[in-house]
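The following pair of complexes shares a single chain, subunit A, combined with subunit B in the former and subunit C in the latter.
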Partner chain A sequence: MTSAVYSPNKSSGLRDFIPHLPAGVWSLSGFSLLWFGGIVLPLLAIILVSFLQGRGLNINFDPTIKQYERFFSYGGGDMLARSVRIAGTVTIIELLLAFPFALWLAKGCKNNTVKLLTFTALTVPFFLSPAARVIVWRSVFGINGVVNQVLLGAGIVDKPVLWLIFSEFSVHFGFIGAFFPTMVWPIFLSISLIDNDYLEASGDLGASRLRTLLHIIFPLALPGIVAGFVFTFIPMLGDAVVSSYMGGNNVLMLAAQVQSLIGVSNFLVAAALAAVVLAIMLAFQVLLWFALKPVGGLAGVFASLRR
Partner chain B sequence: MKSDKGKHSKHFYFPLTRRNFIRGAVAGSVIAGAPAILKGLTRRVKAAEKGVVRMLMTAPTMIPGDWKRFEKDTGLKMEDTVIKDDPGIFLTEVQVNDAGDRFDIISTLSGTEQSLIDGGNIMQMEASAMPNWSGMPASIQSMPYLVRDLSPDAGKVWGVPLAMNADSFGYKPSTLGEPRPPEEASWSLVFESEKTMGRSSTGDNYIYLWEALAYLKHTGQLNVTDILNPSPEEAKATADFLIKRKEAGQFRLFWKIFDDQIAVMKNGEVDAIRCWEPAVNEVNKAGGDWVYATAKEFYCKWMHGMYITSQVEERGNLDEVYTALNWFLSGGYAAAITPLRGYLNGRPDLAVDYNNSNGLEDISTTMDAAQEKMKLKFAKEDFWFSAVPDNLQEMQAQMDRVLNA
Partner chain C sequence: MTIGNLSPTRFRLPFWQRLADWAPTGISIIFGYAVLFILYFPIAMLMILSFSGEPNTGIPGDWTLTWYESVIFADTAQREGEAYGSNFRVGDPLLLSIMLAFITAVACVIAVLIVGPILPRIKWRGPFLVGFLMPLMIPGIVGGVGLFMWYRLVIHVKMGIWSLVLAHFVWAFPFALLAMLVVASRFDTRLMEAAEDLGAKPWQRFWQIEIPILKPGIYAAGFFGFLLSFNELPFSIFMRSGQDTLPLYLWIQSGAHNTTVPLIFAMSTIVTVGSIGLTFLAIKLAFGGGKNDVK
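== the complex of A and B ==
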């Protein structure tokens, strides 16, 4: 095999030992290495630590499953089930609210000023602290809040409704407000990328609006829906603000539990909790894989973006 | 590496410190090395800067605004950093992240001292280097956990008191038909009262489980061997009690932070709440009618101490650090913190003179009242709170069980 590559210095020292691979392969390998070192190894370290024993900042290298036993014996199983249930429910509600909203924003709204104002309204909350974003709801749903005043004033109730705040209802509500933009943005982007010719062709061929929605828009918006699901569901599991401020710690969730464990140097049980969460995430990945199999798997879903 | 001499002698322990991480990395342990390298990138050792003292402290003991008085009196510049006073977070910052590399003085809730001494994180003090030390009441100098009662070097000085108080709870006397201080009110208003059913609150961590345990002890509902160090069984029994009360609908919420306490009092969500004294002051400033209880059963006494980090010796700014510590005992800090928060420090007796000699506001009435109040509260036997009881993790786990119920 002959090489026509120009080489200004035939004895390049160290470079002679490095395989001649295309630059793209090198950058990919470099990224993989970073990903492995920055993401995979710490996760493996967490799993390893979850099987150790210790006290405070001292770790003992005797393998054990004690941390998992401790976690589940203090109601950790209930807390995990509650966290996944609430995050899952809110994600589905977000999807039902965000899809029509994103469709309107991407294809229905023709007024650029309205569009700009809507973009701003969706972006502004990210400039506020997470606590500031949710704490305002206390004065709306509190015992002397606006809603209770209206209900009492209208004679609908004869005493304040207590479950409006510091309850699962208020936690759901707090999440819906806080995570609406994270569901809207990806769906809006994927719908925006749908060529209007497809929609017009569908209409010209006699398809009803519903049929166009189900057979053209929805499949082509799937990348955004999947991304919206990931950007909403996963960060929601990691949110400690809403469950504390809106739930009054009556609705303990995953992130608040992690904070509590770290606050007393209980790193080993925190690692066990993280490992359980990792297992749950992997299980969701498998579920997603099965769910998307009929449309060609995840690769098939995102292939629509290349059209 | 070293073994933990105390509690788990048959096991070999690896103390989690940055230096050990780095050693591990050099030995080729990639897993241990990765976080150490990252920390190395983000943490910077600060060399001593002439005339500058750096302090790590917690929000409740901060003097809001600036350090002008400190700087005028000492000729030093204070650079402060605030940290959360959760023991795990504080100890991680000091012992794993080597806070001593960046701070000359660290301050936190009392009870962590033994761990800091064992870890070599703080150095012994020379009381004679702080002229204002000697005038401190013997009762303060000899407080449990705090200054001079630490094994293995009992009698030696390891810390300086920064601020202290005896905590109880706030309530609305007009709504509940309860007496106003100085008449006593019972902790039952927080834990088990029909009057406050669904309208009481306590905090969300192990401290508040501990107080419930003290309540059970004082009301004869639980035999407690050592209130200063509850056993796992006692913590569990207390959690069972709190779960029962939670299921009965006693608690409106379990608050997390100071602002939460103020918000639920102001918004009328609760009529009785285990809270910090400044929260009641804040609510009353906004027109509330709340009082901070003269507690019938017990107080949760606490102190924040100041400690010199071990690295100060090699930085060579020990004299400046002592000058700074002496200022905190000079009356200057007391004159600021007591009117603001109601807390006392080691030398409240110097506060009035300090203000008078500096042409500042006359605070004699405030200081007298605060000292009188403290005398009354400290007279109650129970209990001095420690940030790190032996069964800390078990206590928090039981509190988590309450929150999960």
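== the complex of A and C ==
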């Protein structure tokens, strides 16, 4: 170790990027190799697998589009369209609810206790079992559930309301609570990074609030909005819990379909389905990439947090 | 405060105009908290119902601790289980989940210590970051199927504990990394250079400078790893072999037998209270002290 000797030129070349722990570059390379080889490539390999054929666990490497034909002939297209429609609708509802709320939280709310409590309320659900968050709705909305008991007792309806559970209504409802934080957080972060001076300057120059919102806040918050859209829509599309608890067998969505295909060892059709979803996901990733470009990409978002 | 706010004309606005001034804000606040209510109502209800005699009806009352007794004492669970026509045994899944969560937490801490401090400082961090955060962009169920396809179908490896660990790590690592990056991107590398100039050896710089400064990120990574693994479901569905994790077990039980629902309520309440406690501890350790340390 010659570190006691001060040399002004020591931070040059590679050392510029890795200013400490020369071992760091090796461990990073090693970890990245494992991660990309063990995780990223296998995930992308679904697309390859979906073009193969075989039965059960035996597959051979003859390229074919048979799996896609089978998938769509079994009504897979309808299921996929339904999943995308439900997830898309709820994501837009979340956006309409979350944007004003995040705006208020970032710029309007001056009470630190309220802020802290709201942050905590928005963070805790990430670490709770997804099942624990929806399981009760069955008892509340079921045929003999609380809502029906109250409605019957008050004489508003003659017989139990059936569409409260195991319907598209209940699936939408279950999603709205569960996926609110993933929409609020990115929008909140992007709005709180907007300099207050911009907003004041806009007001001083005579712009109305609406004009400031549309011409200053909205464009600057766009990366957060797109990130929120992606982080809400994507997990919702693949959600296994809400759709099965709230939708039952009446609202078949992606996750249930994948599971039933795997359950009957129809691996390759499942791969075709997964590949279609993966393609949608990659398209979104490209969208996110372009949306974050003005702020220097994903890395830029973190660089701005340094302040 | 803008100058406009100080002008006296503001106080002479007619009532409807003042209403229009704050109505949008008020409505957005009310709606925001309404959604948070929808999010927390079932969790609160779950806890209340787990102490009730007839949880299935959704109506609280007839307070009892029976369900907790059944969950906690395995032999009672067996008896209750028979009475209820099912076999509710939560011990093995619970142990497996705790073990997996612990391994995932340790793996996350090690991984973010390798990646976190260096990533903000390398030139080509964009592609790395996209690759590391990729699991956040994939629906869990598709990720699980993808890994299953590759390891089981293409390279013919049998699933086991290792595959559950892998799946949970894939799910938890991006979150742990994000938490670490928030801390690591504030890291002043001149401290390391100063230590080097003062003669500190690499391991000394690591233990005495890097670790203490990155401590909030390390705590966060560990807790994130533990909690996210403990409650993980979609990946586990495909990456298990034989054994069930706790969320998987509760999920299967609640789908299969309506009669075990009271026990699931009690078990979920225990897990939820534990998770909320750990989350608070994590937030406090990771971000509470941070502001005082870094002045």
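Here is the rule we use: the second predicted complex is superposed on the first by the 230 of 307 C-alpha atoms of A that agree within 3 Å, B and C clash if a C-alpha of one lies under 4 Å from a C-alpha of the other, contacts with A are read in each partner's own complex, and residues count from 1 in each chain.
Note that a residue touches a chain if its C-beta (ideal position, glycine included) is under 8 Å from a C-beta of that chain, and two chains touch if they have at least 3 such contacts.
All of these numbers come straight from a predicted model, not from anything done at the bench.
Enquirer: Please work out whether A:140 is in contact with subunit B alone, subunit C alone, both, or neither, and reply first, second, both or neither.
Expert: Only subunit C; A:140 stays clear of subunit B.
Enquirer: Output check: A:123 vs subunit B and subunit C. Expected answer is one of first, second, both, neither. What do you get?
Expert: second
Enquirer: Examine A:92 and indicate which partner it touches, taking first as subunit B and second as subunit C; both and neither are also allowed.
Expert: neither
Enquirer: Give one of first, second, both or neither to describe whether A:249 is in contact with subunit B, with subunit C, with both, or with none.
Expert: In the superposed model, A:249 contacts subunit B only, not subunit C.
Enquirer: Counting only touches as set out at the top, which of subunit B and subunit C does A:45 meet: first, second, both, neither?
Expert: Touch status of A:45: both partners.
Enquirer: If you stack the two complexes on chain A, which partner ends up touching A:279: first (subunit B), second (subunit C), both, or neither?
Expert: It touches nothing on subunit B or subunit C.
Enquirer: In the superposed arrangement, which partner chain does A:176 touch: subunit B (first), subunit C (second), both, or neither?
Expert: second
Enquirer: Using the superposition described at the top, determine whether subunit B or subunit C touches more residues of subunit A.
Expert: More residues of subunit A are touched by C.
Enquirer: Check whether A:260 is in contact with subunit B, with subunit C, with both or with neither, and answer first, second, both or neither.
Expert: Once the two structures are laid over each other on A, A:260 reaches subunit B alone.
Enquirer: Which holds for A:157: it touches subunit B only (first), subunit C only (second), both, or neither?
Expert: Neither subunit B nor subunit C is touched by A:157.
Enquirer: Indicate the residue numbers of subunit A shared between its subunit B interface and its subunit C interface, in ascending order.
Expert: 38, 41-42, 45, 57, 59, 135, 139, 142, 144-145, 244-245, 262, 267
Enquirer: Applying the document's contact rule, which stretches of subunit C touch subunit A when the two form their complex?
Expert: Interface residues on the subunit C side: 2-4, 24-25, 27-29, 31-32, 35-36, 38-43, 45-46, 49, 55-59, 111, 114-115, 117-123, 125-126, 128-143, 145-154, 156, 166, 170, 175, 181-182, 185-186, 189, 192-193, 196-197, 199-202, 205-206, 210, 224, 227-228, 231, 233-234, 237-238, 247, 250-251, 254-255, 261, 264-265, 268-269, 271-272, 275-276, 278-280, 283.
Enquirer: State the interface residues of subunit B toward subunit A in the complex, per the touch definition above.
Expert: Of all residues in subunit B, those touching subunit A are 4, 7-8, 11-17, 30-32, 34-35, 84, 86-89, 91-92, 95-96, 115, 198, 201, 204-206, 251-256, 260, 263, 267-269, 392-393, 395-401, 403-405.
Enquirer: Using the touch rule from the top, collect the residues of subunit A that touch subunit C in their complex.
Expert: On the subunit A side, the touching residues are 1, 3-4, 6, 11, 17-25, 27-28, 31-32, 35-36, 38-43, 45-46, 49, 57, 59, 97-98, 100-101, 103-105, 108, 118, 120-137, 139-140, 142, 144-146, 149, 173, 176-178, 180-181, 184, 200, 203-204, 230-231, 234-235, 237-241, 244-245, 254-255, 258-259, 262, 267, 270-271, 274, 277-278, 281, 284-285, 288-289, 297-299, 302-303, 305-306.
Enquirer: So in the complex, the part of subunit A that touches subunit B is made up of which residues?
Expert: The contact residues of subunit A facing subunit B are 37-38, 41-42, 44-45, 48, 53-62, 70, 74-76, 78-79, 135, 138-139, 142-145, 162, 165-166, 244-245, 248-250, 252, 257, 260-267, 269.
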